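Sharing a structure, written as structure tokens. Questions coming.
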Amino acid sequence: MSATKSYSEEFLKGIWKENPVFIQVLGMCPMLAVTNTAVNAIAMGVATAFVLLGSSILVSLLRKVIAKPVRISTYIVIIATFVTVADYSIEAFSPALHRELGAFIALIVVNCLILGRQEAYSSKNTVGFAIVDASGMAIGFAFALFCLGATREILGFGTFFGSPIFGEHFEPWVIMALPPGGFLMLGFILLFFNWLEQRKKGAAV
Amino acid sequence: MDTTLTAVLIMSSIGTFFGICLAVAHKYLKVEEDPRLDVVEEMLPGTNCGACGEPGCRAFSEALVGGIKEPCQCTVGSPDDIEIIASFLGVVAGEQDKVVARLHCAGGLGLARQIAEYEGYSNCRAAHLVGGGGKGCSWGCLGLDDCMVACDFDAIHMNEQRLPVVSVENCTACNDCVEACPRDLFDLMPLSQKLIVQCNAPLEGDDAYAVCSVCCDGCQRCAADGDGKITMQNNLPVVDWSDGNIAASPKATWRCPTGAITWVEDGQFIQPTVEYSTRKEVAV
Amino acid sequence: MIKKPMQLLLQTSPFLRRGITTPRLMSEVVIATIPVIFAACWYFGLSALLLIFASVAGAMLTEWFFTPKKSSTQPSNSLLDGSGLLTGILLGLTLPPGMAMWMAFLGGVVGISIGKLVMGGLGQNMFNPALVGRAFLQAAFPTAITTWNPPATSPGSLESFTAIRESNLAAPFMQSSTDAVTTASPLGLMKFEHEPTPWFDLFIGNTAGSLGETCAIVIIVMGVIMAIRRDFDWRIPVSILLAVAAFSAIPWFIKPELYPTPLGMLLSGGLLFGAVYMATDPVTSPVTPKGAWIFGASIGLLVVLIRLWGGLPEGVMYAILLMNAATPLIERIAQPRVFGRGRSAV
Amino acid sequence: MSDLAWIFISALLVNNFTLYYFLGLCPFFGVSSKVSVAVRLGLATIFVMIITSLAATFLTTFVLPHAPYLKLISFIIVIASTVQFVEMVIKKLSPTLFRAMGIFLPLITTNCAILFLALTQTSKEYTLVQGLVFALGAGGGFTIALALMAGLREEGELSKVPNIVKGTALNMIIAGLLSLAFMGFAGLFSA
Amino acid sequence: MSVAELVGTFRNGVHPHENKEQTENFPIARMAFGKIFTLPLSQHLGAPSKSIVEVGQTVFRGQLLAEAGGYVSANLHSPVDGKVITIGPRRHPRGDLATCIELEADPFSTQTINASPQNDPMNMSTDDFVASIQDSGLVGLGGAAFPTHVKYKLPEGKTCEHLAINGCECEPYLTCDHRTMVERPEAVVRGITIAAKILGAKKTSVGIEKNKPDAIAAMQEATKNLDDIEVYPLKVKYPQGAEKMLIKAIYGIEVPAGKLPLDVGVVVNNVATMTQFADWFDEGLPLIERVVTVAGTAIARPANLIIPVGTSVREVLDFCGLDMNTQQVIMGGPMMGMPLSSLDVPVLKGTSGLLAFTEAPKGHQNTLACISCGQCLEACGYFLNPARLAKLAQARRWDELDDFYVNDCMECGACSWVCPSSIPIVQLIRTGKGALRELKANQQA
């Protein structure tokens, strides 16, 4: 690939320009299910970041060793291993959180984002770039999760990180904590991004 | 130690078992396919995300090999990957003489006579069926955007005379506008063929002037000046490109009383309208 | 000089029009809601007007806000075709009398914005906008929307008309006070207490329930009038009611002490209102006659399923929304048989 | 018996995998632009889910008691291999069936719904039959959601959707509304 | 008791305001010859005729000007004594420039015809009869202008059980067939006798809508001694005059899609065509003139006129008192007719009416979104789904139109008439049909 690639660019693209959620719309399955509160969202984001970073480093290190035909299976095994580690650590660290997130931690295995990064990036780049790319993507993902989780928590429970912010008479919008709220909220956020895009285009013209 | 051993044992036995199964299956159940399929699939990201609209990378590569989809429709792969696939499949051909769509009519708003006012669904094909769209000339451009809508490459825009201006850069000669035009006014022509007949009406003399001020009236002056490369068919000049002498001289256009045959260097209708001293007065 | 010829106008055949336009159809339905609004005022007083006003304001303001201002002279302006007004009124009529006005307003905003405008406006919405607003409110404020106030003790009298429920006036985003007299809706009574409501009360509307849904007789009369004027496809309400009667008759025959009578099923809850005013929304129901029968019968089946065995006492709204979603699929299988062909299209 | 019915209805409608648990969203949005394709994908999913259920039952009975920490890895590997094997068999035996359904198989394998099915089945300790019914319900629910979505999207193709909403944003909102409508099934047959 | 008496109509359809009172009580009159006659070589479905005259040649009324250009084509005769002044592109009523023979009328031309009756049709062989009709230049006078002789040449193995005569005249405004039946019932009956004899049809049914009681009475009076001709009063409904709808209304039979009425043993003809039979065989008059209804809000003196084919529309309208502020002129009926882009176009063989309006309908500007009300489905006599067809055509998804049988549509306009959102459904369908045809041709090529 080109030599003009810089670390900072590779890092920043995951956060904004190629944000896995808002722009690429990847890895939706775990994010919608667990983003009803900000805490859950952050936990999920951290877990995903851990798995992404770990597997990216490993894949990048092993990229010359892994035979082409079995590469996908190898990636999956690597990812699954890291997910298992994450799963057990969360359970040890906070059983309550583990109950909340339930099976969705395990589902990080099949998050298209992680597999996609291995295939598209880590398997072709040096460890340094793999780390930068993975952390950029992971932060972008976690940021998106946090946005979603925070809005849903604020509207759905009237709280932020568990503490009420609107006083006790606030009427919570229960729907935001329910599945339809997840879809609608993400829909609105995407709508907002489309609107930004269109405004940018309009300004350019 | 025990647990490690169990883990290793279980994983390796599972791995071995399924590995053997798959290997055997691969050997005995293999189905003959286009060898390019596997290569293309290899080149794809292999995420099987379905974002391209195809169910998985395998299906996408089949669509690629079959020419149904374009490599760029894979949203996951990087531009470089896509370029590699494209060059492997030869989808993007080498440098060729650029071909663009040319319109055989110059009778835009104010130049061709409008005999009645069309009101209804704004679409050339529809207007064509309603009394010819009210345009005096039943062969000319209706100017209701069918080609512009059909163009997927943003290469066609209507000018203030409601004539389609084809952007030479954007046009990919995909034939969509040719098919879209209900009056078959578009033709795909190499850019090097600069002598263009901008009229499609087989009318002669005053009959022609009665409907349009920039029509070909079949006067044959261009044929006389065209070094034998221009013949008249159906009262319209036909330029002969067959012998490869595509850089014919612009002098054939000099005596044209209406500009129906023109020398086009770049896009058509870029200059508003060239004034021709001999243009006949027409009630518009 | 050449004389300027007379320019004729070229239009396509046919050159005649029936002259009944979409705005007129809409306004006929709006007019048909007036007796229902009147009945709502009769039983629930000024609250009815306040709530309807709030939801209409929400709907119309959203329409106005998102309509491109430049093209306000265009005929496609959705503000003028009356559909936003209709959505607001219908939404208001499905709310319980004690609901906070800000919630009704929010329902109108949501119904119009994500129920209609996002999909491209009138004629392209996939779900009934009023029901989208209602379903949103139901999911967002499950308590408020299932808090039923009893109808006025002396319906129609001035003091019961002007007695505003305090909960209507809750400040935006704040809880409404719930100390008002509440009661259970006939469906809730039947479902959880197995206590039927006298059918005559249901018929004249002297029960707790949403504003517009209680008075069966008014809805039936307006439905018949609209069906005769062909404002909607009569097959849809007829098939819904037949299906509900048929499907609820079976369990009633088997265990009459546990399950409500088919008549009670027909008259209670939002069934009549939904069948006449909601399910018949032409945009979100199948366009083919065959499709209308399937659509209606499926709604009837779902209503019975949800009411008798679901977690909620009422299911008309969900049944209609679900079948709205299934409408494209129904249309695929229910194309009319084409003249001179043994089979239907597709 | 009623237990089985409840498992089925719950997976099919009440706790619909796609509209309640947000599972399998990639194919749900990716392959729902045409009803015919959507239905075929749905059928393929039901098929894979049944295989998964069998595999999961097998693993929980014979392997996992010895090494519970291998749950994820073994599930993934076994499911992927089995499906790949079945894919080859179908390809060989019936090219038509492969065209209709088989091409979707690899797409489904790396789908979170499948893994979720296996994990849930294990954690709820379903028997073989219960597991199969659960798989059938889940796959059927996915198919229903997919078909409804595809129908709505195909209809939406005919309308002029504002540019700003086009694409995933609109699909998300439609899915949200579908999910809202499916809330009507809450508590169905649970009493 | 026939099906018709029980039902008396077909399913679906619409009932636009009839507007026939303008002309229905005026006897048919004659118009003086104009100065210039323009005769397009293509006035009928099928191949254009071939001119056999030269510029400058003198022709007499009834002389053959152009021969049929193929089997599905018709002869063309001069409507007037005069001189050929041009053969070249002149504006055709459909809007384009088409090859026409232009005649300058001899100011002393009479409206009588110098011709002799044909051989007795009752003793003719079928082939001679078919050839004779083709010679007469006769085409269907109902509007579509399909060469009549083609219908009388029964293919091998097909027999004609019934002859159905179309006296519905379901188009609003038009009363030319109505007046023909009232004034010349014996000519209609004479035509029917000839046609039934040649076709071997056992029974003839004349379908007349109930809004023409005097026509029904006249026809019943004329046929009261004839057992094999029956007059059916039909419910007033559009488009009952369409062949297949008429067959459904009278016999209760659905003609299979893509088939001809003959496939169910029926031949349908217009009443005006029947009078033309009588005129041709008894008097030797080829199709050079026809009855045209001239009406509409822009016409001061509405009338039913016998107009020579080729007369300029401008002359006809001026004769009837055209308003200065005319906005729209329609050739044919208001439901299926075509709009004229210019008044300098000729009256054709298939022209049943000329309608001029001072104000065009507003519907075409106020198109709203389709709200799927389904009224077009209840209007369509073919049970199509016009709403869906229009949507697909608007989205330019031509190939899918075929799945919904777009080609079964006869473009009667009932769906557009009924549409509350004023969507030009027929126009969209017509556009789609054309695009679909091109698409299929491209695929085959």
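Labels A, B, C, D and E are assigned to the chains in the order they are written; within every chain, residues are numbered from 1.
In this section, a contact is a pair of C-beta atoms (placed from the backbone, for glycine too) under 8 Å apart; a residue touches a chain by one contact, two chains touch by 3 or more.
What you see is a predicted model, and the numbers here were worked out from it, not measured in a lab.
Participant: Moving only from a chain to one it touches, give the least number of moves from chain A to chain D.
Facilitator: 1
Participant: Common contacts of chain B and chain C?
Facilitator: In this structure, the chains that contact chain C and also chain B are A, D, E.
Participant: If you tally contacting C-beta pairs, which pair wins, B-D or C-D?
Facilitator: C-D
Participant: Compared with chain E, which chain's mean CA position is the farthest off?
Facilitator: Taking each chain's C-alpha mean as its centre, the farthest from chain E is A.
Participant: What is the distance in Å between the mean C-alpha positions of chain C and chain E?
Facilitator: 48
Participant: Express in whole angstrom the distance between the two chain centres, defined as the mean CA positions of chain B and chain E.
Facilitator: Going by mean C-alpha positions, chain B sits 42 Å from chain E.
Participant: Give me the residue numbers in chain D that touch at least two other chains, ranges are fine.
Facilitator: 26, 69, 73, 77, 110, 165, 170, 173, 176-177, 180, 183
Participant: What positions in chain A touch 2 or more of the other chains?
Facilitator: 112, 115, 175, 178, 180-181, 184, 187, 191 - these are the residues of chain A that touch more than one other chain.
Participant: Which residues belonging to chain C are in contact with no fewer than two other chains?
Facilitator: Counting only residues that touch two or more other chains, chain C contributes 5, 8-12, 114, 118, 123-124, 136, 139.
Participant: Check the chains against each other and report every pair that touches.
Facilitator: A-B, A-C, A-D, B-C, B-D, B-E, C-D, C-E, D-E
Participant: Mind listing the chain C positions that touch chain D in their complex?
Facilitator: 114-115, 117-120, 123-124, 126-127, 132, 135-136, 139, 302, 305-306, 309-312, 315, 317-319, 321-322, 324-329, 332
Participant: Note which residues of chain B are touching chain E in the complex, please.
Facilitator: Answer in residue numbers: 115-116, 119-121, 123, 125-126, 129-134, 137-138, 149-150, 179, 182, 203, 207, 211.
Participant: Could you pull out which chain A residues touch chain B in their complex?
Facilitator: Interface residues on the chain A side: 1, 24, 26, 68, 71-72, 112, 115-116, 119-120.
Participant: What residues on chain E touch chain B, complex-wise?
Facilitator: 88-89, 94-97, 338-342, 360, 364-365, 367, 396, 424, 427-428, 430-431, 434-435, 438, 442
Participant: Flag every residue of chain A that touches chain C in the complex, lowest number first.
Facilitator: By the definition above, chain A touches chain C via 166, 169-171, 173-176, 178, 180-181, 184, 187, 191.
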